[in-house]
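Dropping the structures in below, format is structure tokens.
Two complexes follow with chain A in common, the first pairing it with chain B and the second with chain C.
Right after this comes the complex of A and B.
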């Protein structure tokens, strides 16, 4: 019983991590209908920024996390302004090719600069080990992830629902043309959201180094997971991807624990079945416009 | 009826063999004789060309974007490997066709998943199928050999006459003949009324359906055919290298294939073949400069191609060949223009 709860908790932590990693992609796909396979590259950037700061420069872990966010966001906005923005009106094929090219470049560049082996981030002692909660073993690190990601999700939900920027963004996702007609600067909204999404991915990358593993092939290995979150969750709200990532996280952890041999098999099958059943995602209506 | 006869005359005029096409194949055969020390890389190119031809059938003619075409390549490769390893079918040509048919069956079954939905769903489903097969191949390692791959494959002589030699000479000519036969078939298919209806579907599925083209059936047919081609390419891989490992299913293989086709251009069949030559040369070049990090340059090529624009690159690439054709055959000679660039 306790092991089931522990697994469930691990799954939730994993799912929340996936959500932080992938929610930027939901905006890219939903708002601009842009197939960005290179989203994982921004996550990897954040992870490596954090690793370098903590391991080489001796920064404390919690001070490096915001910098991972900022670093990835800066890289994101630079690429958005120089490259991405020319491709919004192109065909999906062009977008796919472009982002695959970016992934390949990022993989080789990180391999060149940082080496090909897996990188570990030195964690503060407070985050190591487990705490015992009503007989259920809970990893401290995972508890921290759940707390941070939970707060982030709440904040995102509040921003989307309550602020002026949030309503602009929702308007732009629902109908970009009408939004432009109402005087909303959609490209600017998008650039800002893109950078924010990249930043979140970077933060997620830094947090995930301990759990998912950080090496130059990170963007390729987890590309399919991000895409699953977005396509299954849809992108009309933040709840869809959130529930989809929780489902995916719990299913993946449970699959790896209870049926280790067929774990990945189950996930891909479920994804294909869901996409056939609801091509626009379980909770979405505009994901695959 | 005049409109109909106009269409058929036009279609037949397009389907006629051009001088440039004959020249292409003569050149290909000449290369096989001229560079005896480069058999292996040339076999590689031929194989990749066939694989790219297969993707061109669905991408260039039917407009289906696939990120998991390696699935069929892998199935073909493992089928051919298992057939040879267990001595079920010893004769390579029959084994080749059998492997292609296995891939075609898979293509037929998965086509129902792929024709549903829009681009993004297709991308995800094709990618998912390839990953699924890779996971399966890893799971059933007692059959596939797992990460070690199939080992100890011994190929019997082709048709009982031509034994595979260690220099890859037989392998090259074998691959070249297979490519040529399959190319002729593909050429016949795309210039047939069937091929024309595919183009109609690619340009506008709704309109194609409105003029009476059975859209889904056509897409299923071409997807199955493309799977057959990819399976043959995979089987050729196993037969000429005596090797089949998990990386036949890898995402990189599907992505590289896209690059090959993008370099050459889609929708005129030669794109895959030209792209394969250019891609392998680029790969050799990059690997000789930076053996470990050539992936970076491949990625850069992709980004640059997309940023500059595919149509513009093709006009540039085809500039010299077209210039020669014009010089030789006069100003009005038909020049090679990729189909996708016309629109």
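Right after this comes the complex of A and C.
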């Protein structure tokens, strides 16, 4: 019983992490209709920013996390203004080629600057080990991930649904021309959204270094997971990717625990079954433009 | 990078000049060329860098002339992709007319070059790849690194003798991982040990959590671990996070997991892990202390077992050339290398005259803190271990 709950918790933590990493992609792909395969590169940037701050400059871990967010967001907005915006109106193939090129450049650049071996972030002692909750082992670090990611999800949902910016964004996505006519500065809204998505990825990258490992190949290794989350979740809202991340996280952990021989395939099986059942994802909308 | 390019440019320039003034084909007879094929980029790059560094260090210390011949290293990057290795080896042999090919970060790369070494009749000095079969693939292959069988069988023997009865295994699902598992199992169960749980994790494994939970629930005395060097750190951290260290489950395994290159970054989670391996930067000989100091001074970090393999590899080439008085005939060189014995930073080693594989001491080590840094501290030695993984004897 205890190990079932521990597994469930691990699955939720893993899922939450996937969500923070991938929700920026859900926004660019789903809301802005831009195929950005380089999303993982921003996550990697956040991870390395956090690692350098903590390991080399002696910052406390919790102070470095927001900077991972800000740093990645700044890189995101710089690239959006200089490169990405020229590709919004281009075909998806162009976008794919461009962003995959960006991935390779980021891999090579990080390999050159930081070296190819894995980087670890020195954690405060308070985050190490497990706490025992009614006989269920709960990893402290994972608990922190669940708390941070849970709060973020709540905040995102509120921003999108309740704020003026949220309604502008939804308007800009639904019909950019009408939105411009109403005086909404659509490119600005998009740029801001893009940067925010990159920032989230950066934060996710910093959080995931401990669990997934951080090296220059991060964007390539985890691209597939991000894409699975977005395809399974559907890209019309952030609720879809959120539920998809949780489902995939739990299925992955449970699969590896109970059937270790085929464990790694469980996540793909779940994806295939869901896509057969709902080709547009759990919360997909048909034909986005 | 720049040095290499400069060297190549100078090399090319001098070749052209010689050709012009002497009016003869430009192959200088007093140079011995070594084609060094290593992964300098990609996931295995740390292997390549260590070997390249160690060779540079050796040539700084011992000079670049042996038996009247100048040694010239031509470094090529195969990124550990066997197709590249084969193409590069071919170019080196045909265009550059190298006298040795050396390096080889992973087993498939070493195997890809084997038929070329046979055909060209030149020695292939394997400085990293660790699968047993490699030296059987060509009579021109000599190895100065190790085989997985050497360390995995020894840790199996050691575990049985030291009160470990039940072991759960966690190995990465690829050739070296499976090799390690098979050899460990053979020796451990033959000695009366029991494998209570066997898990193979995928090579590209993002999260060890579920596998570790399974290990914990099977309540073994120890867990046998083999994961690619880079993943060792994540593994040890999650092992500690889950409280496996406190529940008395020891980590044992071949020493690749606790590579000196990465060990210090793993944090205190790694403390107490017992592994069997050929080299530790903390090996107490004077020669090793000098080696570690010189390496640290030149490259700013600690040498790992790959660096030592490269250092011994180039030493073997030097000594073979001394023995042949500079003659570069492949068969003569291989004959000279067979049975050669010397003292390496890792301890006494020799080349088995029958298999051309390395014979070396395997040390049992425990991760401890020495002067604030993590080291594998050796506490038991199995002397002159041969590779037991050969299919034919």
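Methods note: the second predicted complex is superposed on the first by the 278 of 289 C-alpha atoms of A that agree within 3 Å, B and C clash if a C-alpha of one lies under 4 Å from a C-alpha of the other, contacts with A are read in each partner's own complex, and residues count from 1 in each chain.
Simple rule for what comes next: contacts are C-beta pairs under 8 Å (C-beta built on N, C-alpha and C of every residue); 3 or more make two chains touch, one makes a residue touch a chain.
Just so it is clear, the model here is predicted, and its values are computed rather than measured.
Look at A:126: by the touch rule set out above, it reaches neither chain B nor chain C. By the document's definition of touching, of the two partners only chain C reaches A:118; chain B does not.
By the touch criterion stated above, A:271 is placed in contact with chain B alone, chain C being left untouched.
By the touch criterion defined above, A:96 lies against chain B but remains apart from chain C after alignment on the C-alpha atoms of chain A.
Applying the stated contact rule after C-alpha superposition, one finds that A:279 touches chain B and leaves chain C untouched. Touch criterion met: A:231 reaches chain B, while chain C stays clear of it.
By the touch criterion defined above, A:141 lies against chain C but remains apart from chain B after alignment on the C-alpha atoms of chain A. Touch criterion met: A:212 reaches chain C, while chain B stays clear of it. Shared interface residues of chain A (contacting chain B in one complex, chain C in the other): 108, 111, 261, 264. Per the touch definition, chain A reaches chain B in the complex via residues 29, 35, 83, 86-87, 90, 92-94, 96-98, 100-109, 111-112, 220, 223-224, 227-228, 231, 261-262, 264-265, 268-269, 271-272, 275-276, 279, 287-289.
Residues 3, 6-7, 10, 14, 108, 111, 115-120, 122, 128-130, 137, 139-141, 210-213, 215, 217, 221-222, 225, 252-257, 260-261, 263-264 of chain A are the ones touching chain C in the complex. Considering their complex, residues 41-43, 45-46, 199-202, 204-207, 209-211, 213-214, 217, 230-231, 233-234, 237-238, 240-243, 261-262, 265-267 of chain C touch chain A.
Chain contact summary for the complex, chain B toward chain A: residues 59, 65, 67, 113, 116-121, 123-125, 127-129, 131-132, 135-136, 139, 251-252, 255, 258-259, 262, 292-303, 305-307, 310.
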